[in-house]
Every structure is written in structure tokens, then in C-alpha cells.
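A, B, C and D are the chain letters, set down in written order, and residue numbers restart from 1 in every chain.
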Amino acid sequence: MGSNIKKSAVRSQKSKTTPLTPPLQKGRAGGGAPDLSVNIAGINLKNPVMTASGTFGYGEEFAPYLDLNRLGAVVVKGLSLKPRQGNPPPRIVETAAGMLNSIGLQNVGVELFVEKKLPFLKKFDTKVIVNFFGDSIDEYCEVAKVLDSAEGVAGLEMNISCPNKQEGWLEFGTNPAMTFKVVSAVRKSTKLPLIVKLSPNVTDITAIAKAAKDAGADALSLINTLSGMAVDANTRRPKLGNIIGGLSGPAIKPVALKMVWQVFKAVKLPLIGIGGIMTAEDAIEFMLVGASAIQVGTANFVEPQASIKILEGIADYFKKNKIKSVKELVGSLQV
Amino acid sequence: MGSNIKKSAVRSQKSKTTPLTPPLQKGRAGGGAPDLSVNIAGINLKNPVMTASGTFGYGEEFAPYLDLNRLGAVVVKGLSLKPRQGNPPPRIVETAAGMLNSIGLQNVGVELFVEKKLPFLKKFDTKVIVNFFGDSIDEYCEVAKVLDSAEGVAGLEMNISCPNKQEGWLEFGTNPAMTFKVVSAVRKSTKLPLIVKLSPNVTDITAIAKAAKDAGADALSLINTLSGMAVDANTRRPKLGNIIGGLSGPAIKPVALKMVWQVFKAVKLPLIGIGGIMTAEDAIEFMLVGASAIQVGTANFVEPQASIKILEGIADYFKKNKIKSVKELVGSLQV
Amino acid sequence: MESNKTVEVLYNKQILPAYYKLGIGWKGLTDIEPGQFVMLRLTGRIDPLLRRPFGVYKILGQGIEILYKVVGKGTRLMTGLRPGDMVDILGPLGNSFPNPISSPFAKEGQRGMKIIMVAGGIGIVPFYLLGVKGQWSGSRQVLLFGGMGKEDLPGLEDFKKLGINIFISTEDGSVGKKGLVTDLLKKELSKKGNYIVYACGPKGMLKEVARIADKAGVACYVSLDQVMACGMGACLGCAVKVRERKNVGQGFSPANVFYKIVCKDGPVFDAKEIDWEAI
Amino acid sequence: MESNKTVEVLYNKQILPAYYKLGIGWKGLTDIEPGQFVMLRLTGRIDPLLRRPFGVYKILGQGIEILYKVVGKGTRLMTGLRPGDMVDILGPLGNSFPNPISSPFAKEGQRGMKIIMVAGGIGIVPFYLLGVKGQWSGSRQVLLFGGMGKEDLPGLEDFKKLGINIFISTEDGSVGKKGLVTDLLKKELSKKGNYIVYACGPKGMLKEVARIADKAGVACYVSLDQVMACGMGACLGCAVKVRERKNVGQGFSPANVFYKIVCKDGPVFDAKEIDWEAI
């Protein structure tokens, strides 16, 4: 990125009416820096690097370590209608090149978010995408409505890897019909850009992707965590309080790449690639298989500035390979 | 294992009529060594350690490095009716804590196996389990019939992660109805113990497991590889000739453990745990979640003696924790 | 201010079979309070994937000293660090042991309050800085230090030099009183006085310390240990169950609090807050 | 006999910016033929997960020397090896360059046959042992050695000492003839004589060498490079497409052969066997 990008979060707080301050734009156009901007689901991102839900808190936790203004978007921890307590500890265990988490979707609830967390994020010149979920279709819609009327939300990311309490606690995202139903309902509840985040724990992710598209999704994020488990051979107990958790990190990258590629070939919707992205090279791989933007998850824990380093690496790659736009790269894998 | 176990493959070649030579048995019973024997699907294994299909060739490749007699069983590379050429190279790529392979089920075909490969394996005091597949139900049955009449085969392991050319090239193992159909047909074609090996690339592995059980499977192996992909950001090409491959190794262990645990709770059949087992501790973890035996796959490449080291480690664990039998451990996870 | 830096290893020396002292350079380091910690990884390594939390044992001229116990993959790798190697340090993180005088438990005119530090093995770490802070506003300190045996009392020499009153217990009786450190605590609390208890060590020990202090009606703070991914309150992975619903943890509505976050709400907690049944 | 051993690093020295020589102890080592390789990993490390294949460059008194180029994760880690560190070695594996006299291409009374060794960069490795084997039954040797520049000709000094006839080419012209090593080959083959060509280097170079030799009607053997998992013919991962269906590769029925296995059927192949279109 150009040197005009302000390094200090405080200095570069934007005034609410100017989404992209003129000096910033000039800097990017004039400095010969590559154009990394991309439009996803109608959201204009200054670059394709977002932070993944649940790995970046509500943004404020990371503000001491990096300039939030530089990110394409911040995706916040998944919100529900009411605050959620989450699962009993231990909630985290490291695995080979990955980690399992069973946070259990602990969150402050959508109202407290709008009141207490969103004002901080609005101070930055970065898009705020709100991840959310429900355990019934009604709840999904309620949350979407609250967010629809909140100022400063650029788009919604709907997590459908959640049990549907009305239909036998099966996850919404594991069945095309259920996916269609819940996405259609949410679509009617909000005018915000709607991104649907897919679960990888399915036989055919393209069927779910198609259902989400047919129901009106503007873009798709993939993948969420793989379902997994860890055991302590000495205590003979599960390592997670919840027994089962979600696997993330470099270990899952091959699975994620394959699913993005599959969906890219099957469904015409912008895709956001997620899963084990640690470096710019990883990010480029996701773009090659069809992702228009990417999210950095577990890497944020390993290295708080990971997202910025990835962004800088992408810019270098664009320069080195004389790539003019994100579009040029997306899905350009030579097979 | 007791010191009576013969170290040399040549010295301990068994006579065909004495499946377990008396000195071996005495050694195990008398030496205070733990009893690791286990019966799976009617096959008596001297211990629960097998080698996974496709990672141990036809056994002979590993004979210079370890004493095959010490293994519970050798599972050979998957066989089809006719020899198969496999996929174009590159066929292998390393990933974070794992590897992708797209061998494409290259094999010598069941007839050449019986003629050229089986005689070598029969010389050892270890069970030979033959992994096989077909691209139609008929082909599955044909292979099973050939093996049924071959002397020296202790059991069959049926790989159902194979495209069904008669039903739209969907994998047999991704659909309970197709699983039921193909397993039922094979069940009628052979009197040998029948193990069905499950694919993890499904929404609900318990549904497939139940279908296999209902169709007459004697035991289940899980998991086969996760579907994945790797990309070279510099050449912008897939790293595998076949684009998509199967992910194995430590990276997938959490997924495998969870699936074994799920199936253990849902289906009453002996289970063989597979996926990322590198150490005895890993093997114990699989037993705790419900595996009566385990298979060592990718680890064989990292360390040719891995299976033996794992076996020794299991024996140590049994001793240290005063465990009297494999049964005592299986599924004993405290939740 | 918390920061993320790549810094140099100054020294790494084995002080007991399972314990090492790691000195790391850290320029521009501002003050660190007793109980705070850092998240550490070996620069460039992503196996192990996650950083590991370590308390700050000592503050050096231009850096800090970490006292660590070898328990698994990460700490085993750390034993290979040599001077000049680089590590990434995130911190200082978390809260700290409260100044007894400013603590809500301080009673009027409590200059004579006695701080009892109860440490189990590697749980000694936060107490060195506490000891250095010294006779906090005139309070007196005593250290009760327990371990499995004489090789499980890391840093004992440092405390002797500080001139703090020390009582030792070991489970094998190889040094000090044979038994548990909680026995020492019971004895100490049976004496007349105005006490506050600070404890760090294995969960079982902390639970018993909390019980004893509660029974004695004495204020007690514990430093908790939990597996962590981020160390900065972002992942919500280091949750601990709290007893009362009225305390507001990391981002909670006051109406329904079950969990607090060890890395941000802690690692030091008022023992009364913790739901010890769930530990 | 192939074996799997944990052996000690004797030395590890940088000879050029991107090239190192690694000496490793290996007691009881029996003979190794030119072209054979070992699968190596750093003892105890499972990241990188798989072993890496390396040719044997030299045979030492009680061990071997590996000449390696730093290209990725595994070789980068190898640069950190110090004397006394341990590595796991599986081998010797694979076939070797055939003795030209016993090769099926030898014509009657071919004592005067000239071996042309064509090496590209790190492709030099198998030729040192070949050179040491010397004037194989009276055949003469010439080395054509090509690289990007003067820092891409590892081991050149060793060959000078062997007293082999050497012609050099570099793409940047920094030493030897500016251009490709295949130009040297064309020139060499234009001379009158009885030749056999042995080549090792990047796939593109091998393809061109094979084409030139074929055109000149000269026998040609190439050592192929393929990603490997097991190195012993078990995983079938290192397949290479072969041209003729009549050759029987690893475990194939004669009727339908498309692939051979580099680690076991190779790494040395008669260039005529390979389906160069598929490379």
C-alpha cells in the first residue's frame, strides 16, 4: 500500500460523511501502487483482505496492534439476538497445523453490539461486516432487522453452520432446502448486502451454494471450520469441554481451496475464500481458484499483524506479476 | 512385544498350516506382556495395528525395513478387477501437517495380485486384508469373488469412496442408498469378513455407517482421505495433475477422531480408526473414541518402522496403565 | 502499552532439570505489573501454531526474564533457544494482583496487612515482581512455596535474596515440610493477623487455597491458567466459569454472565468470583 | 542393502550462496551406485512431514556427502544442521546409470566409447560418483556443465580435481560459453565418435537433451526428478509417463503400461522410454 496510508488509527479516523478520504485515494492512484479494490456483493472494499469472524473480536481488541483503516473489511464475531454464554472450557486445543475451538458462539448479542461495539468500529475507514446467526429462522430474521437499521454496517455475513432448533437441531447449512428457507427469509428482512457463509461439513457444498444463491445471497463465504475432536490419552477425556469443536488453521487449507474451486465452477456469485490463510501466497491461491476476497482467521492469533502482512504481500505479488486488478486474478487457475 | 518375536522376516516365515506358531503365543502369554489381541469382523488379530491401504504397497516394499510378522494385519493397495493406470503426475504434494495424493487407484488388478503379490505376503504370520473397489456394483462383486476363492486372504476392506459410473459418477460412499446397494451385493459375493471403508466427505457419516451395517458389513474402517486441492501461486497451476486429491496425515486427525466417535455412538459394529496416526498416543486416542483397531497410513512414509513403533508404544501404554485387553480401552472415553 | 515485538534472546539457562530461565531483550518496555504475562512464539515458526502464555518473572535492564517449565512441544522447543535467536513477544497482557491497600478488601488503616503468597511449582512466577514491589505500602509478605520435591521449587534462591519470609513444603519431604502447601497456609492463617492471600499454581491447589481462605474469612486472589489462543480477549477461548452473575466480564450484558475471559478479565481473579465446582 | 538409519551430521558447509555440502556418518554402508539416492529427514521433525530425496554426491570413509540446493522449506531447514545433529536416512534407493559396456546400447568392442555427462545446476550430483568410477572399462568421459551463472555450478572444483574433461556454459555468460548446456551437447555430438549421453537437470533441459541425442542416434539415459512420498515404490506417487506400453513398470501387467515409478523403476531411465510430451 502507498505510504500515504495513515499508520495511526487515531489520526486516520474518518468523518462519517466521507467514506474514503481524498488523500488516501490520491495516494493509491498516483503512487503506482497496484489497485487492490474489489466490489463484493455491492460492497466496495479498498482491498480484498478481511478478518474472519470470531478471530478478530469486535475489532477493538486488535486496534493496539495494527491500523484497522488498512483492512478491506472487519468481520465481527458472530452475533445472535440475545447474548450467548458459549460452551464450558476448555474451549481451545492446538492440533497439527491447526486448532479446534468450541467457543459456542459466545457473543454480546446484537443490541449490545450496536450500542457498545459498533461506535468504535465506525471511527475507522474500513467496512464493517457483521456475522450473525440464530437457532430459528425467526431469530435469524430478527437479528438481520436490527442490523438493517444500524448505521455503519456495510453488509451481513450469515453463518448457517448453526443447529436449527425447529428441525431436529440439524444445521441449517447442511441441507439445501433448509438453507434456501433461512436465506430467503433473511433476504426479505434486510436491504443490506447479504453474504452467506457455508459449512464444509457437507457431501456437496455446491448444492448448498446454489440454494443460497437461489434464495438471494449476494455473495458466499467459505469455509467455516471442519468438525473435529481431540482426546487426551492420559486423562482419557476429551480435550474440549464441548467434546466436539471446529478445526481451523493451515491444516484445512487444502479442503478450503477445493471447495472454493468447486463452488466457483458451479455458482456465479462472488466468493470470499477462508481457511488456513497465513501468508499472501495462501491468499493468492484462494483468488486463483475463484475467491474475489479472502478472510484471515486463525493467523490473527499467531501474528496480530497477519492481515496487514498478507495485504502487503498481495500488493507485492500484483506488482511483481503486473496484475492490474483483483478481477484479473480471480479464478484464473490454469488447468 | 515380548522378545520372542522373531526379528527376521525370513526366519519367522510361518508354515501355511500354523497360523500362529506356538513359541510366539507362549512368549506373549508368559512374558507378562500385555494381551493386545483383538477380533475384528471375525478376524483374529494379534494386535490392533494394521497398515493403511495405499501407504504400504503390497507389503513387500516394506519388508526390508520391518518384520511384517509383528503387524496385526497388512492392508494392501486397493485392487480393481483390471489393472489401473492411475492419474497423471504430479500425484503428491505436501501440505501443512499433511499430504495430498491423487494416485488415482493405480493397481495391478486383482488377478495379478493373487498370482504375484499374495504369495509373498502368505509367507508371513500376519493377516492379509485386501482393499478393493470398482466403478460399478458388478465390478465390486467380481473382485470380491476372485478374492473369496484366493487362499491367504483374511478379510476384505471395501473402499466405497469411488465414483459409480452407472449413477452419474457420484461416489458410492456419499449416499446411504448407494452404499446399501453396493455393500449388499458384495456381501452376497463373498464369505470373507467384510470391512467397509467410509469416506469422510459426507454430511452425516453415521447414515452411511448404518447403511453399511444394514447391508451386512462386519466392520467399518474410517476415515479415507478428505477431498482437497493445492495450487502453485507462481505458476498459477494446480499442484496435482488431477487438480483434486485426498488429504491425509496429522492434519486430518481431529476430523477422523470425531467421525469414529460419532459412528461408535450410533452404530454397533467394530471400528477401525484411521487418519493421521503418527504415534502410539494417537492410536490410543482412536481406541478411546471407539476404534477396536487402527491403521497407520501416511506415517509409513515419514518413518518406515512407524507401525512397529506405534505397536510398541501401545504395549507400553497398556502396561503402564494396567490395561488387560483392547476391549477395556475401546470407547472408554470419559465424557 | 501492549505491543507485538520481535526481540532477541539474551540467555536461556537450565536452573533445574525441568526449569529454565529465558532472558529476552525488550527495548522501550514500560512497567509490568505482578501477574501480567506475554504471548511468546519462536520467530518464524508456525509449529507449534499458537503462541504460548508466560508470566513475566523479572524485569531486566533492557528486557524481561521468563521462568518456564518444560511440559510439552512448545516449551521443549524453547529449551533450544540460544542467545541471538529471535522470539515474538506480545504483551504485557492481562491484569495483575491488586495492591492490598487499594483493594476493595482493605480495611481502614491496614498498613500492617500481611500478604501471603502461595505458590505451587511454576506458580511461583508472578510473585517475584510482587516481592520486588516490596513492602507494598508497608504490608508484610510471606511466601508459602510447595512442590513435588526439591527440584520443583524454581527460583527459590531469588526469593531468599529478596529477604522474604519463606516456608517450604514438598510432597516427597526432600526439603521443607513434607506435605502440601495448603497445609502451610492453614497453619499461617491460624496465627492472628490481618491477611490477604495471593495464589498461583495447579488448579487443584488453587481450589483448596480458595476454600481455606474463604473459611478463614480472608481475601484471596488467584492467578488462573487456561489454554489461550490470542491472549487479548478476541477469541473467547480462555473462558473460566464465574460464580456470580453480577460481574461483568468481557463484553457481557450484566444480566447473564457465566464466563469470564482469563487473558483479559484475568489472569488474576478474586477467588470468590470463580465457580470452583466447574474447575 | 537399503536400510533406515538415524545418523550423525559430520559437517554442513555452504559452498555457494544457494548450495551446501552435508557430510553424514553412515557406518556399515555398502556400495552406492551413481544415480542412487536417499530419503532424508531431520530426526524427530514432522514439519516438513515427508522425507526429501537427495542423490549421493560422494562416498566418504564412514559416510556420504550430499550436495544440496536450497529451494524450499526442507532444504532451508537443512542449512541449520550442525555437526552432531541427527538425520534419518533411508537408502540407498533406486537404480543407477548403467555401465555403458553392459548396457543394451553397447556395440561390439566398444572400449573406446565416450560418456557425455550433461548436468544442469544441482543435476551435477550423480556424476561425481560416475566420474570416480572412472574410465569405466576404458570408456572416456566428458562433463558438460550448465547453469544460470557462475554461482550455479556447484562442485565444479571437485570435477576439476578428478581430471575429467569439462565444458561449461552459463546463461548469463559469467563463466564458460554463454548459452545453454544443450548447445554444448550439440557441438560435442557433432564430433565423430561413439557416444553415450547421461543427463541430469531440470525437466526442460532433459527433454531437449533427449531430443538431441535421439536425433543424433545416440543412446541417452536421464535421471528424473519427481516429488516423492515414500521413495520405495509403495505409494505410487512419483509416477512418470512412459512412451511404450511394452516396458513393465512397478507391478504392471505387460498389457497396459502408462506409468513408471521414478523411485524404483528409476530415477535413471532410458530417454526413449519417457513420454516427453507429458513432461
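One rule holds in what follows: contacts are C-beta pairs under 8 Å (C-beta built on N, C-alpha and C of every residue); 3 or more make two chains touch, one makes a residue touch a chain.
Here the structure is a predicted model, which is why all the values come from computation and not from measurement.
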Find out how few touching-chain steps suffice to connect chain B with chain D.
1
Using mean Cα positions as chain centres, tell me which chain lies farthest from chain B.
C
Whole-Å distance, chain A centre to chain D centre, using C-alpha means?
47
Using CA atom averages as chain centres, what separation in Å is found between chain A and chain B?
37
Multi-partner residues of chain B (at least 2 other chains):
96-98, 249-250
Junction residues of chain C, two or more chains touched
46-47
Per the touch rule, the chain D residues reaching chain B in their complex are 1-4, 41, 46-51, 88, 90, 226-230, 232-241, 251-253, 255-256, 258-259, 278
Considering the complex alone, what residue numbers of chain B touch chain A?
95-98, 100, 174-175, 201-204, 226-231, 233, 235-238, 243-245, 247, 249-255, 257-258, 261, 276, 281, 284-285, 288-289, 317, 332-335
Report the residues of chain B in contact with chain D in the complex, numbered from low to high.
54-58, 61-62, 64-65, 77, 83, 85-86, 88-94, 96-99, 101, 103, 106-109, 112, 116-117, 249-250, 278, 298, 300-305
